[in-house]
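In structure tokens below, several structures.
The same chain A turns up in both complexes below, where it pairs with chain B and then with chain C.
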Partner chain A sequence: MATTKLSRNASIDELYTAARGGNRRALGRLLTLVERGGRDAETIGELANPDAGAAHIVGITGAPGAGKSTLTGRLVVHLAGAGRRPAVLAVDPSSPLTGGAILGDRIRMSDTTEDLTVAPEVGDRTFIRSMATRGHSGGLALAVPLAVRLFDAMGYDPVIIETVGVGQVEVDVVAAADTAVVVMTPGMGDAVQANKAGLLEVADVFVVNKADRPGANDVRRDLDLMLDLSHLTGQDTTDGGDGYRPPIVMCSALEGTGEADVWAAVEAHLISLDERGQRLRRRHHRIRTEVRARMSQALANRIDEAMDSDVGRELVAHVTDGALSPTGASAKLLDALLGPQLEPGLDPRSEPRS
Partner chain B sequence: MATTKLSRNASIDELYTAARGGNRRALGRLLTLVERGGRDAETIGELANPDAGAAHIVGITGAPGAGKSTLTGRLVVHLAGAGRRPAVLAVDPSSPLTGGAILGDRIRMSDTTEDLTVAPEVGDRTFIRSMATRGHSGGLALAVPLAVRLFDAMGYDPVIIETVGVGQVEVDVVAAADTAVVVMTPGMGDAVQANKAGLLEVADVFVVNKADRPGANDVRRDLDLMLDLSHLTGQDTTDGGDGYRPPIVMCSALEGTGEADVWAAVEAHLISLDERGQRLRRRHHRIRTEVRARMSQALANRIDEAMDSDVGRELVAHVTDGALSPTGASAKLLDALLGPQLEPGLDPRSEPRS
Partner chain C sequence: MAGTDLPLRVVLAKLGLDGHDRGIKVVARILRDAGMEVIYLGLRQTTDSIVAAAEQEDADAIGLSMHNAGHMTLGPNMVKALRDAELEIPVIIGGIVPDDDVQPLLDAGIAAVLGPGASAEEVAQTVRDAVSAAV
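Let's look at the complex of A and B:
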């Protein structure tokens, strides 16, 4: 697989150097390789690692239809106009049945090396990339950190991850950012749903979008109440529980009002992170999440190998014949993979093993 | 944890024997232990394994609001009236943001040992249990096969798994059944979404519910077209591509019309499975799915152990300091866990290791 990639007219090293020099097409090709995963993606991550670390990483999530894409677009124009170089990684949801609806409002870039630019005057200062997850959230958990690191290494700042908080993986992605923005809208019971989804614990900034609509103040009130409650119960763990309270910013991305307030709140949170000595803690959490995801992927491949091995086929056949239980087959395969030491809670065999 | 369970007035063995003897409360308590997972759940699975294997396992899925619960209820009454002993395992979706809406139309049974009965005259022949996944789909993948096996061992037949096909895990659960029923409704573009979700490849029987509504025949036509296409392109892999074409049954669960036709199609599919020698193939696929899920869970626990070990903390600290990349840290931790042999595609180190 590596060879096919490298047999293109430019090597990964050459692509990386060109991208660092401002070649947007080279960056687009690197992002495509990152999205495809495998060895090339890891190589790119290794190249980018020393050059990365400066960018403010912002996660934006919310339910479908909350207007995240519109808000993100407004923020990008606002930031580029202010001399910043924002990059956006727009993550398509991994949930298949909801995928269709959300893909509709975005150009899917999964198989092209071109980038999706906004207004011409800011296009050269920004890079907006949509990343498809093709249903397997594992790929998302692996590719997003590499893509963010690549943007970071290219000098883009902030790097905005936009995703739909329909799944735990998406929530985790946003939770691993420096600043997590949760977008709500009136009339969807979003505040209650966000509470269910655990977004209250994740959010550093709440945005009530479509604030011109009736019910916007109700959403704000509901959020305030739940934040009071979560502070009383000490649920807010993302900031170490040292008293930072997520602000609630009203805006109307469609009308183009409020995005400056949103960004001001995002910047204020980063300053607060530094003041509270929490920024390193966030980075540490982000790295733990990524390392865990990479280990999970590697072990998932090991499981597939074990299942397809002769031993695996034989054990599954024994279960099919009723001679063995699925739990027993799993335990035996794990022994073959890891050696015979399982956690007690997962080892179905009551008698100790020699 | 095992001790807390066993310190109840009845041991798992006693509960199992009582449940086999028809004690519904004992079965409810066993199902609660299965849902909680861990060693007790595995023990129950080991007990049930020799007694199970006879039941017709039916998966019913579809988008939220498709009327699955109503249809399932109709089927249960129909089956119990015909002298069968149907059991239903209703799986709450794992996707947090959609969870609230769907939980609304069902009594959540996660923390009670009582069972949800339907009409009194059939209640003693049926067992309907709702299983909450509490957000972690891993728990679902582990608990559902055990609960199904337990119902099977208790002599319930068919065992119906009802779930919302919003996530890959839910789709996998249904795909692992003997007969997979996909419920559609008019006016939701369900046929197209089902295609996106890969349900066309999974479905053995299509049900167009709310068939009295306008557009029901459009859904049927769309499905027919896509089935023609999938047969032309040989996409239908669930039955080994030997020409079984999923029927499309119109019904109105709310009106109570068509459930008999739905069940007739489900039975016809099982007969077709036997005729084509495919039933064992389904069972084999179901077992592979379960064994893989159990291995994944065990290895996920191993990853957490490794991350929380001194080595894990040290490596993450090195990455935070920039001395090491996340990929490198993951590789080193995997070496510690599995010994130094990673797949080439996931080993970031270019130089060979001694």
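Let's look at the complex of A and C:
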């Protein structure tokens, strides 16, 4: 453990330098600032950007109770034992009512990661952070890529994002990874249910967890059939139909069997991405998603400001009076906000206005 | 962007060999409903595993549930482990602690002790007070 003294009001630069030097407390604080969003988060993103880009980003998703956290814990131990430095971002939902959350992923992992505290030199190579969705999906779409980049910049590899596969943003986050792992279990309904969930299209690797339980082979068969159909209809699940077929890996995370197979399949997928020249495409897609999310958030903030401005209030009042339609009011406000149209000759390298 | 009023992050754990986890689960729910983010570690944690979690999760407070009469040893051990790691995070003990032990625990650096009679409001407020006292 690093012993650099860290003052309570250390600057972001100091925190970043300390974290790069192995100070885990500093990294913990940086992650809090990333989660908080705003200017500090942007500063951290700028610092991390040049140092990041090497990590294999893996998304793990599946229904609640599928065993994602337990599997993640197993993978972390497996990877740390093999000399890797895995980081985990475990995303759990916040209560929409109170904003509070019970982040319970660590307890599932601690069942399997006891070894990490028993062998501190292994524990020091791993970093696990829980993140609550905090009710605003927009925030999650911004915070997750930044946190991943920060882990990446600190030399953690792979960076594993674990989310419950409900909600578009959670699915998007996993779909934007280099490798998306979808965890299925017996007894959760047949492949029709799985098709409905919309998770299957994003899978690069399927894991049938709880493979020691009855019905595990049925899940495997259903998935196989579903993949056959995808090929038949030309609706290839990944990478534009160039022949990659997601493998189905059986495992029992609780028993501790099969996690090495899961990781082998994840690595094989990364190699396959490279061979097919798709890794860059994934990266491009991921960055596009993030840039878009940032713009959406920035625009949403400006829209809120505009709505609260005198002009905004006045326009809304006119609509209430019947003098103006909602469409007319929003067009006027948008014009005031953005100008009539984006100039086509915009130089991407020039400094942003305002 | 996000307001300054961020949810407090609280690590909850049972330290050592102590299987009575009904209480800590109730406390987890109480803190969640009070708008906090609870990082729930559950049973059989060690001071090291709690320090590691608190560090990685950037915890604002640590809540220990104790029903095995180990509080006089484990409580101060926890405080020492945090100090050794240079983490100034308040530790709150909840559970079964005899009245006579409360003051010695506070003297040893425990931020607060909550007994079985504490109301939900009291639990949440104690955590908030401990955090603001520590800052």
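The rule is short, and it goes like this: the second predicted complex is superposed on the first by the 293 of 354 C-alpha atoms of A that agree within 3 Å, B and C clash if a C-alpha of one lies under 4 Å from a C-alpha of the other, contacts with A are read in each partner's own complex, and residues count from 1 in each chain.
One rule holds for everything that comes next: contacts are C-beta pairs under 8 Å (C-beta built on N, C-alpha and C of every residue); 3 or more make two chains touch, one makes a residue touch a chain.
Bear in mind that the values here come from a model prediction, so they are computed numbers and not experimental data.
Looking at the shared chain after the overlay, A:Ile161 reaches neither chain B nor chain C.
Touch criterion met: A:Arg129 reaches chain C, while chain B stays clear of it. In the superposed model, A:Leu227 lies in contact with neither chain B nor chain C. In the overlay built on the shared chain, the residue A:Gly38 is in contact with chain B and with chain C. Looking at the superposition, the partner that touches the larger set of chain A residues, chain B or chain C, turns out to be B. Once chain A of one complex is fitted onto chain A of the other, the partner contacts of A:Leu280 are limited to chain B, with no touch recorded for chain C.
Of the two partner chains, chain B is the only one touched by A:Arg294; chain C is not.
Overlap of the chain B and chain C interfaces on chain A comprises residues 1, 38, 94-95, 98-100, 301. Of all residues in chain B, only 1-2, 38-39, 42-43, 45-46, 49-50, 53, 63, 94-100, 135-137, 145, 165-168, 171, 189, 192-194, 196-198, 280, 283-284, 287-288, 290-292, 294-307, 315-317, 319-320, 322, 325-330, 333-334, 337-338, 342-348 touch chain A in the complex they form. The touching residues of chain C, counted against chain A in their complex, run 1-2, 6-7, 9, 28-29, 31-42, 45-46, 48-49, 52-53, 55-58, 85-88. Put simply, chain A touches chain C in their complex at residues 1, 5-6, 8, 24-25, 27-29, 31-32, 36-38, 94-95, 98-104, 106-107, 110, 114, 116-117, 120, 123, 127-130, 132, 134, 139, 301.
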